[in-house]
């Protein structure tokens, strides 16, 4: 068990205009309520007119019971004073996650397996797929598998079904090589963040067939990018990226095979960091503490 | 001294339609003339209608004296039979290289240092710059520095001067962060390959200001790309690329600083490989043996 | 399907004292019997008194039927002349592999997954474990799982049982985090190569508890090493290694988690390369083509 | 100019037994004196009986004039209460550094060049060498070069001369491939930290000739390690390490060439981090913020 996942561990993530005294005020509050800071990361986009971000993990005996009070203290002592947005979470209260997949298994299996070994602080509520292929793989992990076919004619109905499953039930949707584009309506309605894995080193090779494009362009490294999904396809804030060296001798099939390893590693890290409240969106970019 | 730089070492680089018997014919010829193969790399784009590439390094006593004869043997026994393009070089006959630079010193100095240590099998014929700033750094290495200012009004005259300096005098031009775009006329006239270093992981962030673009896009890795220069800016065949991890906390100045290390490493490798006859252009890509 | 796995693809791996004409003789033979070389890699430890190694992959129609003849040709035309050791394999004839594991699943599962996706050119004959924990994971892939407990008292009997299972039935044994030391008797009797994954960057942190040792020493990178097993524990020829960056803030549990990713990647690559006949042992080191 | 190098930027580095309220007390003090925290990193070896480390960078108008007062405030309000060791530095007050070198130039030149471009926040007081070879390279950067020959007979005298040069004049000694072992007497007397670059991935290949040892052992990656020098040769706390991939085909000369690139990068990073007060020694390890 990761030390951050123990009971009585709270995480406070804040964002506000940069100004004097924020760190002091936060740490003072934590001290006053009897907490002990475990880690504290902060970043400012600039002293003048900058935006300030901070993630503080602290130990507070009885946090589960006292959460409401702490929330209120933060609201009163910090949020108003600093025009602060914040969220307060319990490290032992895992995010509820729905994973969407299609036929490709490597990203999905990596998430299921890491989850089983306790490396991902989340509950997998369900796996949703437009194909039945991965059902037995998923059920084996004791996780619900929902096959909801999607085609041109039923896309609206399928998304309505998706929304019904997700609304109020999950905190995060992960697209683990889900080969359907989500409609703006779905994105507006789902109400939780969505993380996608794109099989290229964005912004290179936007769109379909990135390994073929990489082959045609003759790049010497291929990569993968995990990002939050926005209405602008492949343009959402990047959470994590990585690359692997390839050579002229690797054909597209080989690039795809190499790429699969990078994709699963990158997606797993992005999901882990999100579930640990390490990632803060800031415009079209992210802060990752 | 690298083993490949000793006397009596020949390199034969060939390209032809793929077909049976090429490796046998090449190695037989080398055996017949008394040579000993040191390394042999080959690659075919496909058995059917593919293009075949091979680089063979071999030891042949008295190669300097016998070069003409060997050239003729290859012409007669191989080139005709296999519709082969080839070039035959002596490993101890370094390429003559002109380096173009502007004000930034890191790529230039890295090439000069490596050359001085004997790591780059080339002769540096001259350094050409549109600014005088790097003159004393260059002269200190005993290398000619030519300051040829370039502005909107004198670009044609400057390029004419460049061509006069280069024609017949160099085998390669290296743009070590040279901040001028070469005209199509110059590219057509210069008659030797040109290697450029672009300060991004191409095809991402084409054009000017790639580190600013990388910052704006929020990428988690930045890179550099060495490529042959063609008329299509930033589109030439890629020789080498690499990346380095960055974070949200790195500003553009820091990205530029990190990037400089990647740029100089990537350019040095590309130049080294070119000078060792390891790089073969194939359409918009390269084979690197 | 990897191009190397198609029918009619042969691999010839040779080793002999370096001398003139080897490449020519090999490629000539292949041409004479109607083969077409796909890839050819060679390496010599030195022109004078050196040892020469070559791996040649070639396409030969009807290789399955003609294998005996080809074997004989190589014997007669090459092996005698060059005092050559060689082996000739069919690319579509996968190695038969036994995997040994204990309780840790990451290396084992990675091999099983990659095998299922068709990325590892091998047949998994069985999984052998001294613990029952991984049985259902393994059986799910349709692979035999044999639970053979090992303790101080029954070690000889257990190894006898192992040998009975393996002899003549497998071409390779892979130790996927198998937590038992194999006896010199077993190593002498098993008659096939054994690949082990050690959870450190050898030769650093030999023996047990390498992540604890790494933590104590304060290294900034941790690694894993796949090597052939010899009587000298952790001293066998290294096939592949890799590392991952860690920080002072990572405790031993976190190092272990990070390390698991490196271990499974390194072991999978080593096994793949071995099964593709890319790895040649040379004293206490390896050539990897 | 790095933002940390501007005037009015202070750095407070502390170490004390872990307990509640440290972050709050530090940030409160900074707020009280009118400072604004720019970055704050902390690490605890454990909540129970652990050791706590923190590096806080803050902006304080007029810090140069107020330094004494701040030092006193920290002493009174923090150091006593928390049994704290601390040091307070001004970011625009560079460390004074002596670089020791022998004949090899790559590490030395990399430091001199990075220093010239403003990437290393330090003053180079002198370069000391036991050989005259690098004198003109060093003087060209406008830096004093002191040639102090060392041999078996004059070692004590040489070290006495070293100490005379260094005492009270420098804050750090950097061994940039200095090929002499420093005596315990020297280490005891010099009174400032010493950073060394070892040309292997420690703890592998301790002692002389690491690239030869790496070749003999057949490792697939070679590395370099920057560490503080202690009486136990090659055993001092590691600051930074990195590796590069090599193959069976690379001879010792090639390993040495590849290794040189890793050495200079690793040493430069270690020196930079030390000069930015990012590195804290903790027993035989380091915290690097």
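Per-chain numbering from 1; labels A, B, C and D assigned in written order.
We adopt the following convention: a residue touches a chain if its C-beta (ideal position, glycine included) is under 8 Å from a C-beta of that chain, and two chains touch if they have at least 3 such contacts.
Here's who's who by UniProt: A, B, C, D = Formyltetrahydrofolate deformylase.
In this text the structure is predicted, and so the values were computed from the model without any measurement.
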Same or different residue numbers at the chain B/chain C copy interface, by half rule: same
Far-end chain from chain A, centres as C-alpha averages: B
Euclidean distance of C-alpha centroids - chain B vs chain D, Å: 37
Residues of chain B touching at least two other chains: 39, 43, 249
Interfacial residue positions of chain C with respect to chain D in the complex: 43, 201-205, 216-221, 223, 237-243, 247-249, 282, 284-288
Contact set on chain B toward chain C in their complex: 19-24, 27-28, 30-31, 34-44, 47, 59
Footprint of chain D on chain B - complex, ascending: 2-3, 39, 105-106, 109, 113, 117, 119, 140, 249, 251, 253-254, 257, 261, 265
